[in-house]
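Shared between the two complexes below is chain A, which pairs with chain B and chain C, respectively.
For the complex of A and B:
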């Protein structure tokens, strides 16, 4: 899966899980401030990303630094490439 | 949605929930606030409507008519945490937040830099009462972050401390404290057998969350086999002092995703060194997926880099707000991020 596909899939997942209701999630939208995620929702998101992309466990310190949808995609890209 | 609930036998799940309910220490009258509706309860428990119905029928405390009940949020959190369902919000959140407890012990003690921001707002439905001629100016107080207590450093603080024992602000628009801190830990062990015996007495208790005012009355809480951090810290301090040891309690923050305030004991051991004694952290590790086998032992003496000490004792609130002639616990929004290292 290339980076563009990862971004597309991450946007889809974040949009589907959006606490404000399913919607299109733009790459520069902030997951907490713009999309209504709270810390529990971010935890859920991290667990879904791990399952969806078959990632190693995401560290809490990685998760707390996720601000935008693009940050999430870049973390997944990093973890996918580290796995390869 | 949970990725953890799939595949568990429904009969086993039901059995676990009902067993957890039997062990629940419900928040007593006078401290209860039944303000969570059925939908909110299901968001926390994630057990499904039918099972919630069964839990209510089996005695889960609530008020209101059938099908439109109101619950206490601490009851729901504690029931869910000890349900063994694997899917409730408290189990999922705590398990994720405690992953670090399974890492190599060196990672519990190395230097880490963090940005902490806490925004306080008035909890009243309409905010602070509108200012009138003689109305009291709304005021805010926040405990000072004190990473130095564990060997760390306060790198930046806003608003500045101004030599006072707390950060203060005024006005109806809320108050925000931001801090950049370097935290450090250090592995230490209790030497005194007397202290070790005292600390060991909490090993069979269960960690729960309870209202702060109730936790400040350990005699109402600890006999029920539950061990919230403030109650344990106060009880430990009294026992250690009775045994002749110099001791103080400390309130602080667990740095991470979840907005978790925490309390522990600091005691001068028989070797003259200050040790942080935190049996509740050890109990918490029981909710982590695979805590390191050394973790619980490290809780008897060590300083952890995930804890940010404050200037306050265990039973002093981290934040206070006063308006309209009354004191209120302010609503808080806490954000923690890792911070770049100086020169990096």
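For the complex of A and C:
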């Protein structure tokens, strides 16, 4: 899966799980401020992304601020490439 | 007189209520009349919206809610089965009359949780107790100390049982679980669950008030030793129930989410710890707070060890490396 496909799928998942109701999630939309995610929803999103992309913890990953949809997609890309 | 706790919609969580000056604490007779004003009905709850919502719940929330509701249901069943010796051996007639109202409350709580799980969540109550941490870690001790009230027939046994029952099971464990579960039910939203948990919280506030009143009387009457000994042992067990070594927690691979998850869980631990320390001061044993805090912290660490041993993976709080210590400030 290339980075564009990852971004497309991340946008789909974030849009489907949006606490404000299913919608299309733009890459620069902010997860919390624009899409209504709270901390519980972010944890749930992470678990769904892990299942979808078969993500595993990576040693060098630091806790970062996941502000936008694109931030999430880039993290997924990083974790997928680290796994490969 | 109308008090805030009587008004629908303004029920504070037990863990959020302000400490009451000892001379302003309600008597058992006051608590009886409060019970008369605060009646509610399981049958009157409309579960239709919740039933529909449960069919749409995603696995994460479903698991979170079922774990919480299972522990609450199992706890309520246990307290129904163990209150009678406290009623029978109550120190005064007013205490006995008040405790009789509590027995009715506990029965209603069991009916509420079982009805909700069956009708809204579509879960049979069968087998729920087997995997509950309360069943495995706390209920055996509660049964032992409440049976001892019959067997030993002395005042010290009664005060010991009040500590395990009212102060630890209700004042620490149920208070924490009700607060966190009610918050989750509000955000989903599950209106009947919010309403039911609000009613249960209101009832539990009376129960905990009675427990603090009774324990404070016990300390004043020279039973401080058995009260404190029971309290410290009860805290040791309660920390284990709260961590839940038998309950598998989701451990997010994404570190940011893991940190959030750990903070959520640690928030529950902190609520319980804070509540436990405040109660101790409130019943007249403020000098024991540092020791109780140390007991709690050690028990929490041991429970996290037990989790890691049981599941062969660290608890999210350990995985995030973020277990913080609370402050003994009260």
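Rule of thumb we're sticking to: the second predicted complex is superposed on the first by the 76 of 84 C-alpha atoms of A that agree within 3 Å, B and C clash if a C-alpha of one lies under 4 Å from a C-alpha of the other, contacts with A are read in each partner's own complex, and residues count from 1 in each chain.
Keep in mind that, in the parts below, a residue touches a chain if its C-beta (ideal position, glycine included) is under 8 Å from a C-beta of that chain, and two chains touch if they have at least 3 such contacts.
This is a predicted model, so every value here is computed, not measured.
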{"item": "Which superposed partner A:24 touches (first chain B, second chain C, both, neither)", "value": "neither"}
{"item": "A:65 touches, of chain B and chain C: first, second, both or neither?", "value": "both"}
{"item": "Residue contacts with chain A in the superposition, chain B compared against chain C", "value": "C"}
{"item": "Common interface residues of chain A - those touching chain B in one complex and chain C in the other", "value": "17, 39-40, 42-44, 46-48, 50, 57, 61, 63-65"}
{"item": "Residue ranges of chain B in contact with chain A within the complex", "value": "1-4, 89, 92-93, 96-97, 99-100, 256-259, 336-338"}
{"item": "Residues on chain C engaged by chain A in the complex (per definition of touch)", "value": "58, 60-61, 184, 187, 250, 252-261, 263-264"}
{"item": "Residue ranges of chain A in contact with chain C within the complex", "value": "17, 38-40, 42-50, 55-57, 61-66, 75, 79"}
{"item": "Chain A residues within the chain B interface of the complex", "value": "17, 39-40, 42-44, 46-48, 50-51, 57, 59-61, 63-65"}
